[in-house]
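In the two complexes that follow, subunit A is the common piece, with subunit B as its partner first and subunit C second.
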Partner chain A sequence: MAETFVKIGHQVLTADSPTVVFSGIPTDGTYTDLYLVSQVRTARTGQPWDQIDILPNGSSSNLTGGKMYSASNGSPTSNTTIGNYVTSDDATLGWAGTLTVYIPNYASANKKVMSLESHGGTSSTHYYGMFYLAWDNSTAISSITLDSPNADIASDSTFTLYGITKGTDGTTTVTTS
Partner chain B sequence: MPNPNKVIFNVATGESTTVEMTDEEVAAREARASAAEAAATALAEEQAAKEALKTSARAKLVAGEPLTAEEAAAIVI
Partner chain C sequence: MPTTTYVPLGTVTLTASASEIEFSSIPSYSSLVLVLSSKSTSGSYDQGLQLNGDTGSNYNNTILYGDGSTGGSTTINGTTQFYLDYYGSVTNTFSTSTIVQIEAADSTTHRKIMHSRSNRDANGLDFIGGEWTDSGNAVTSITYFLISGTLDSGTTASLYGID
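After this line comes the complex of A and B, so read on.
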């Protein structure tokens, strides 16, 4: 049985960098969906959160989005910016924020949609949220750019990209061996 | 002063490279940062205004005073 949930890229930053790119993503039908799992911290100071932008093929053109997020136990709020939140400057706590991105049908010639979840914060304030992005472009996604416009993504931040192959019934099967 | 570097991981080859960002990429990320900051500020102001309406509405309810339409909308789902 062919594997259907495959790690295709793994990156651990060895130095601070504003941008991390996964390039060369196959668009030949090897995979139908992408799933990015990351643990991220940025070097921003003065805020418990920071912004990471997800840019398909490095582009923010025709990219729209929305988010619903909350700080600690506060009421959820929402807006339509395309950034999402991860931990910023609280390196002394020894943790980083989380960010996951699911992109079904990433090689489609139609509009692509993505769902994202993230968490970040400090020992006293936590930001967490759910997001969507819609990219109205007929080009297959062959690269994913994660960009932190306010401050560098900190070293030791970790990104793992998985390729998913849906079965003929449209569902995904995860192999165990 | 050189532009910052970006890290590129090529899934096809497994190679990781560091490349200086172009001026266009730097300008684009600065624009996104400004937009996000403006959105965050607007959201904070909106939330503060809503909280002020709720506080005022609660005080008027306790005092038995009539609410404005905005105050009523702020506390009635």
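After this line comes the complex of A and C, so read on.
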């Protein structure tokens, strides 16, 4: 039986860094979707949140996005800015935010619409957000850059990239009508 | 030996327009994940999902949405299908991605819970929690469609099983 959800990259920062890059992602059909899981905090101080930008193939062009987020027990808010993915700062050691990114059909020539979720903050102020990021480019995604524009991504932040392969099990039937 | 999981069960890329995509003879898994990149032949339509061919008013939907300026929530109960989106609807461009997870899919004693996360570029995104009121039957088929719309060529749907 075919196995999918293969770990294709893993990084643990040993020093603060402005970016984290996964490159050499196969675009030959080995995988169809990508899933990035991270536990991340930045060196930003004075705020319980920070942002991590996702740059497909290192590009900040042709990106649009939107979000829905809530702070602690506040009502959900929505806007269309990109980036601004809430994570936590390092004011509270031992606390890290999470950021997950699902990219279906990352090698497609169509617009790539990513689904993101994140959580960050401190023990007193939490942010939870859902985001989308659309990259209107016909090029397959062969690298992903995580960029922190306000402050370095802090050491001990962990990033794992999985490749997912769609397929069939020989039992399930797919029909269209 | 670790158990293989996140098993690919079936996938399709439409080569012509279609009213629906059906996955049937689905084996027993505790969770099912459906990943969708969809396009309509024209216009904007919400996405629907039915389990085991049930067309009765047996689906409840609690919706958390963001339209780019406002966030909010609403409930639509007693519908004839799961709603997979609210603002994350499907258009005639490839601007929407949707990820659906069905929990307790193999249960014959519990109601099935559906989570849908849908994103539509320049329109909004949603998280929907749904409930199928049937508790006595495991999920063996899933039917995906646009409510009152037609799926276009190039639409992809991929199903995975998780234990």
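As a convention for this text, the second predicted complex is superposed on the first by the 159 of 177 C-alpha atoms of A that agree within 3 Å, B and C clash if a C-alpha of one lies under 4 Å from a C-alpha of the other, contacts with A are read in each partner's own complex, and residues count from 1 in each chain.
As a convention for this text, contacts are C-beta pairs under 8 Å (C-beta built on N, C-alpha and C of every residue); 3 or more make two chains touch, one makes a residue touch a chain.
In this text, all values refer to a predicted model and were calculated from it rather than measured experimentally.
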Exercise. Counting only touches as set out at the top, which of subunit B and subunit C does A:Met114 meet: first, second, both, neither?
Worked result: second
Exercise. Which holds for A:Gly9: it touches subunit B only (first), subunit C only (second), both, or neither?
Worked result: first
For this session: Determine, for the superposed model, which of the two partners subunit B and subunit C contacts more residues of subunit A.
Result: C
For this session: With the two complexes superposed on chain A, say which partner A:Ser17 touches: subunit B (first), subunit C (second), both, or neither.
Result: first
Exercise. In the superposed arrangement, which partner chain does A:Pro104 touch: subunit B (first), subunit C (second), both, or neither?
Worked result: second
Exercise. If you stack the two complexes on chain A, which partner ends up touching A:Ser70: first (subunit B), second (subunit C), both, or neither?
Worked result: second
Exercise. Regarding the shared-chain residue A:Ile25, is it in contact with subunit B (first), subunit C (second), both, or neither?
Worked result: first
For this session: Classify the contacts of A:Thr139 with the two partner chains as first (subunit B alone), second (subunit C alone), both, or neither.
Result: neither
Problem set entry | Common interface positions of subunit A, toward subunit B and toward subunit C | 77, 79-80
For this session: Would you pull the subunit B residues touching subunit A in the complex into a rising list?
Result: 4-13, 16, 18, 21, 25, 28-30, 32-33, 35-36, 39-40, 42-43, 47
For this session: Spell out the residues on subunit A that touch subunit C in their complex, using ranges where they run on.
Result: 1-5, 32-33, 64, 66-70, 75-80, 102, 104-105, 108, 110-111, 113-115, 117, 130-132, 134, 136, 164-169, 171-177
Problem set entry | For the subunit C and subunit A complex, residues of the former touching the latter | 4-12, 14, 18-27, 35-37, 64-73, 88, 93-97, 99, 117, 119-122, 124-125, 127, 154, 156-161
Exercise. Residues of subunit A touching subunit B in their complex?
Worked result: 8-11, 13, 17-26, 51, 53, 58, 60, 77, 79-83, 145, 147, 149-150, 152, 159, 161
